[in-house]
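Below you'll find the structures, each written out as structure tokens.
Two complexes come next, and they have one chain in common, chain A, joined by chain B in the first and chain C in the second.
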Partner chain A sequence: MEVLQTHKGEVKAANKYIGKNIKIREDVKLVQGKGHYIDDLELPGTLHMAYATSTYGHARIKKIDTSKCFTIPGVLYVVTGEELKSRLSPFMEIATPPSGNLRDYPLAVDKVRYYGEPVAAIVATDPYIAEDAAELVDVEYELLPVVLDGEKSLEQDAPLVHENIGSNVVWKGVWDLGDTESAFDRADLIVEDVVRTHRYASVPLETNGMVASYDEGSNIITVHSVNQMPMFSLPLICAALGIPPSGFRMIVPPNVGGAFGGKIINYTHITLVSYLTRILKKPVKYVETRTENITFGTHNNERIYHVSLAARKDGKVLGVRMKAIDNCGAYPRYEPAGAVIWAQVVPGIYDVRDIYVEFIQVLSNKGPTGPVRGYSRVQHNFMWERMMNALAKKLNMDPTEVRFKNLIQPEKMPYVGPSNTIYDGGNYPASFKRLLDTLEYKKWRDLQAKSRPDGRLIGIGVAAVIDSGANNFSQIKIINKDFPASGNSDVGMVIVDQFGDIVARTGTTDQGQSHATTFSQIVAEVFDTDPEEIKFQEGFDSISNIWAAHSGAYASRSAVIAGTALYYAARNLKQKVLKIAQSIMDEPISDLDIKNKEVFSKVSGKKIPLAKVASVAWSDVGLLPDGIDPGLMSYAIYKPDFKFNMPDERNRINNTLTYSYSIHATVVEVDPETFQIKILKHVVISDPGTIINPLVVEGQEMGATLHGISAALSENLVYDDDGILLSSNFWDYNVIGAKQMPDLELLQDVTRSTSSVLGVRGIGEGGGGPIGSIINAVEDAVTPLNIKLISSNISSYDLFSLNRKNEVI
Partner chain B sequence: MRPRPFDFYQPTSIKEASEILHSHEDAKPLAGGQSLIPMMKLRIFSPSEIMSLAKIKEMKPYISETGQILKIGAMATHDMIHRSDVLRNAVPVLSEAAGEIADQQIRNRGTIGGNIAHGDPSTNLSAALLALDAEIEVQGIEGTRIIPIDEFFLDLFTTALDHGEIITEFRVKASPHTKQKFMKVAKSDTAFPMAFVALNVGLSEGFVENARIALGVAGPTPLRALEAEKFLLKKRLDSEVITKAAQIATKDLEPPSDVHASEEYRKQLLSTLIKRGLSSFVG
Partner chain C sequence: MNFEGSKEVKSGVDKVWKFMTAPENMVQCMPDVQSYNIVDSKTVQAKLKVGIGFIKEIFDSEITFAEIEAGKKLLITVNSKAKANSATIKIEVSVDGDDTKSTLKWNVDAIMAGRLASIGQRYIQKVSDKIVEQSFVCMTQKLLA
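Then we have the complex of A and B:
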């Protein structure tokens, strides 16, 4: 029997456990301090690594003297880029030459290219000593001019971040979709604008960390790390170290304290501790300090859009052309993947088909970028929502009305977009209307108008994001057709153990997304057994646990891909259980089913415990019917069909599987004297698809919303003109906490995903939804002051300065 | 993010503590650690000797009332001060200021003694105590002396404490009948404030009898707006007077500039806070 509602089959029974608010089993353990995080791991004899880092944004390394480090007892080894250059291969680059030729090592070689770049690594018997010694590394620098801004880095005489590639360009591409020429010809008006997104970080509570150890006997390096794409990173690490994957074991501890994308490019540290453990023959541990995490843990890409938007007088957008310049910092690492990932959301939530995008990714003397919650789409979504507002302003229309004119209509779902993305359902207009009703849009507009004469600055903003999930790696082929990654896959394993307990595993490890709870619900549904009874084994291990090469918790993929694999594994195992039970119970298989860890006959009412079946299957195997192998263990690997699986000559591809969306509406009030921005109301509507556990979905959505609010109003990585990062710790890099969180109203309009087997959509990222609604709201609020906003970050100090500038003019 | 090495002392009496400080040039007292430890971890400041005040028997945290005088032990935490009913009634500005320091965890550990001894212009309690005209009792090898708060702050992170002296107590006069207010602007609870003010104004039939206006993050030290205070005397707090007072208070200030606020912006914030604070005292 098909218990789950899948989009293929008829719904045979309502879900019993999927969709229920089942208590999140991980939480109690974690708040009691019973989790096992990377820093809890102390292997006997562990040594500790610390970095000496660059104090300049760009400088040639003339000399490094590390001799003073050894004056401190306990210092065992100091390594610099000079040594690594001859012992390691540079990391594999995703891009093809020329930028594919740039050389990236775990430590700066010849030059430092951003403030805070690791220059030397010290290994000592304890972390305090290692940090003391790091201060004694003496580097003689020759300062070089810095380039910080994406557009400046394209200029003819810009300083080169990597001289050997001849320019600062990492990758360039063009998406020429539909027919923008005709769209612009037909237009009543053209709106031109500049949109910028700022640099912020993912800032998980737990920073990056890893422990490497080396077993001489087996010649295997074992690394425990928080890496969130372990099998994607493994080849990069092995290639740099020059060892085969069989000589490298990758383990992720059962608990990881948040990632938000910021735990992928940590493979540089993993490579270094692996290198060191092989030399020192003792475990080597490195855990980023908070300052290091903020400085190089992973920054979000800055992007500048120059946009022309063609529209009709009634607000209908006909086409859009844009040039996007993306600033990825000093080393591409996982980039230029981000240079194509935005294309998951080419038209945003709007029915616009004639789109031309010229995309350039460039280097600069800033920290490396990589995935940060909403990776690469947050910028593009923000651009759309700013342009919709710019259009409304030009037409003197209400910004919500302009949006209604352009939303993709529900009857077009599933919607094949101009770049062949397949939006998998949802009713945008109905959701948007419900959002505005819940916000009490009209009421706020009235209050805004009424209170303006008293000097009150109230503003209302809306913005949508597509939170595309379960990515299709084939999009990387747009950049490099020979790069060996495409599609996506994950594995699930279900075991009924010798005692009849149901045990589940997947290849993915969570970072707080409650996999144990939700995955247990999926298995519980198949076995019609209380989810509390399902054991879930966490923790990734490339040698002793299951994995697929794409396994990992990133890109909102776990529920969709690993969840489906687990569902298939559970279903297959159930069949096997019933087959064995059939012979034990001597009843036809069609009469049998499972409930609460018992096999029962729907006809005779006879029952046997799962444990009985298990004992036959595992140990009393002489009793097994012919043709049935011993054991109750099923393994399934799932690879989704994206339909447009590979990019075509116009870069069109369905580059992710599910496309959940959320629309945010914010009311803010700006204090006319202090310019402080206060959120008066914030409502979110989303369509997560089939919900496995509402509590989990709510938690993710709340977190994503808070993250977006913090990015828009607070978090900002500020570099001075010399490339020195001014906000490198929590003193100056302010993350908004629970107390600053406004009351949120979270609404959902659930439709099943037409693309995923379980109807589920990925929702883990949230895509930075509030950034657009807040910036739009703030700009709306300060309309009387005639302030124009360009960036995705705004502070009271910025507003003060912008207002001051207006006054001066 | 880990401090440089240091030696650690844990005296149990003020006498012992004074001797340690006297004989160890570099020794630094440690109270709640909420200013000292972050600086040590960032290696901005690295004393080679740390002397904990936690076990000194005379310095157990207390808040007591003797007639009109309130006495607050230097080791009283921000949280104790914030929650004390006695203080809330007698010197509300101090209670408010303590409640607005960072978050609960920091208030649980941070002490009034450390907040003041740090000599940081962005500490809430320095402004509140300036507004209350507090007296500071300090003890050293040579005995006890009283320093009026107006003479305490000398420069950035520099106070009138001699090396070897420990703050033991703060004394403020109960002033339940004056109008008091603490107001701050900060990005978040745990972000350091961009600006704040502590006001303490005595009114008699609508006219200002006495006024103390203290400003935070307004210069190298916690400051009083002396001219504005003088200007207010004998005046009725109408909107014109209030605006003028705010102007006078901020016109010659040179607050610091950083990523969060420029000098100009800080002046505007201070002026706005003064205006709003004073306005709240009338009507």
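Then we have the complex of A and C:
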């Protein structure tokens, strides 16, 4: 049984509701179609917007003729970048100049920089008219050479994506941690390798969408949108529109159909519909098509690592040096945040302290990147797991043996890493052993050896990820010391209303994570009341609901930060309830407690309903004791202490509050003729910290695992040499479905987080684990064919081609 | 995208050259021409229907003819636009032979962009190859007629 322990060290009695498999209240509503999503919103008189998009990867816009659009009845307005350039400010950039001078608008200005970039927006009375009209936009282009590869982008004569910044470099920095020179001097061997991660996407079930309306009377623009980081987006939008935040109301509907990071950089569309509603004085709606979502929604950063790893001959890693080149596409919209976010997991799960990283982020003529589940850390974790395998191969050791040599030991927890990240507990070696036992590692190795002479290609791979959760925004100051955000915060509000009902709110948005269920369990624990009795009011509203400047749902933070704020708010409100009850019941407060919406005396047994206390608090206020304000409403804002709160001169900082690990083990079989890859077994072990609802945690972990499997074996955003995206729809961009998914075995070794108040860890993002374990397993399987893998994505076609190149057969 | 091909024609070089430098002849040999307008001796505007799989588009095209080497080599440039699609195709055609027979050779350099290029990339090469091939088959037939 988990124990709910406060940050002050006081220990409550064993939990009654936290940790219980309480039915997920959202599920029934959602499967019955009773959710409220953005496309369900149809304000009276709504107009619809569609984009005309670039047919080229890089081209100068010589002329745009929109006249033909108006030949279709119902078309009301067409806007191009030329108009926006004079009416909006370019979006604020995180980076400092020169790349901070990059000019980004909702529509292409002067030239298009990636295939599918919006060049014009058409507003019409219905969405189909708008789409038809979009096809009549006539753009005259002058083709420009494209640059698609990160390394080529750095070459002297590379085409410039944004000429005014003078190069394609967005940001570069160095992490010089420990003493790599000494580590390399002491090493028995050096392993050098290249590791590449591929481009894939978030692909939520619901695409991006927004509806903007303008009230002339109040001069307020109201936007309903699926944005998952509204308080990050709001200042960007307001600055672009030239209006104060008080003139802009941001609402996120109660239900958002998945996000996985892909609903942060949609502020470009929000700005555009806001601009249009102010002109047209009618609501304007835009919902992405699937092709648009895949083309310009959010792509994951491609990264190339050139790594040198110094080790002893017993497999102990002494140090590592690397150069990482990160390709962020045509516009760094949330970037270059990813250029520092990887540093949340500098050593992976390994006790390596001498690390040197040169990190460069560059532009290219590909779609914009942004957070995708496991943002920026997936790549770094993958690099570690590939290098561990490379070292094992060089030493002719079993890959698991090399890992055991290097895992952070439990007695070192909490582990202060070389960049001052504080890993908050967990027993990595014990979990790894349990994982291998459950997989039946030895049995598979034996079968592999026995079946290879028969031509069977069986492979086993392991890999780990750290899901660092509840981010510390101060890390962005490594990029820009004047960036106006640091730390993290969120709010919780608990109300006992006039009828005695307990109502909770937070500043988070829900994209399917079951916040209502989870947060209700926290409040239920404090009030010792059935969670079903807790009303959770979902939906973000910047004017009428509570929020903090970091509110939203991203970076595995909701349970850790908003959950704590809610816990404090509930605890404070409980004290107020007891104070009022004390005067009503004439009992000492120390004798009173709450259970099932009743206040009772632990001594006399006397009890009154919560509704009675509420009645006095809200309306019968003449009966309130002296010094107690009317109402039963408690608001708490929680700002965690990260210990190393700000970056030092060596870029060291505790980048997040919690560090949940998951380790994956995969057995695959590759068909020697068709090269099809089949997963025979996949086991995951993780430590999510104190579990609030096991069903919710299992769902998150399962989703993250499936996302990773799909990324490794299927999802791939492929561009041709001219910069045309070839996988822009579900025909070519295959998200693996339930039928292709293997059975998963999910294990947990639970330890409390030593950093978070509730002991919980963020667990929403562990998407990268299967990528490493699958690539390692596939490479292991094809060992007899002498095929080396470099990328984080592999298909049967790739294997076939690699095999032909090797001319083994 | 680049591809090439050749065809034998049982006609003399002069006849073939005369035929291929008359824009009307060449345009009529392009498959699925919906309509055309001869602007001058070197320029034609045409509506060309192109289909890749189930996706079919009518491209507004401007076709220009330029002699690279009189009597021997011709450059045909096709600039096409359709809804959310565009194409720039350069076809270099050379003719060689004697008074009785000739060899036509073509080298095609095509840049396809937009939805067709994105969705139908894996078929474009074959389809384009087929369209050019059909055009030259038509040409040889007309020359023999």
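By our rule, the second predicted complex is superposed on the first by the 798 of 809 C-alpha atoms of A that agree within 3 Å, B and C clash if a C-alpha of one lies under 4 Å from a C-alpha of the other, contacts with A are read in each partner's own complex, and residues count from 1 in each chain.
Here is the rule we go by: a contact is a pair of C-beta atoms (placed from the backbone, for glycine too) under 8 Å apart; a residue touches a chain by one contact, two chains touch by 3 or more.
Just so we're clear, the structure is a prediction, and the values are computed from it rather than from any experiment.
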| item | value |
| --- | --- |
| Partner chain(s) touched by A:737 [first = chain B, second = chain C, both, neither] | first |
| Touched chain A residues, chain B compared with chain C | B |
| First, second, both or neither for A:786, with chain B first and chain C second | neither |
| Chain B versus chain C as contact partner of A:724, first or second or both or neither | second |
| Touched partner set for A:619, first chain B, second chain C, both or neither | neither |
| Partner chain(s) touched by A:143 [first = chain B, second = chain C, both, neither] | second |
| First, second, both or neither for A:135, with chain B first and chain C second | both |
| First (chain B), second (chain C), both or neither touched by A:52 | second |
| Footprint overlap on chain A, where chain B in one structure and chain C in the other make contact | 135, 726, 729, 731-732 |
| Of chain A, residues touching chain C in the complex | 52-53, 55-56, 115, 134-136, 138, 141, 143, 720, 722, 724-726, 728-729, 731-732 |
| In the complex, chain C residues that touch chain A | 81, 83-86, 88, 111-115, 117-119, 121-122 |
| Contact footprint of chain B on chain A as seen in their complex | 127-128, 131-132, 135, 289-291, 673-674, 676, 714, 718, 726-727, 729-732, 734-737, 739-740, 795-797, 800-801, 804 |
| Contact footprint of chain A on chain B as seen in their complex | 1-5, 38, 42-43, 103, 185, 187-192, 194, 258-262, 264-265, 268-269, 272-273, 275 |
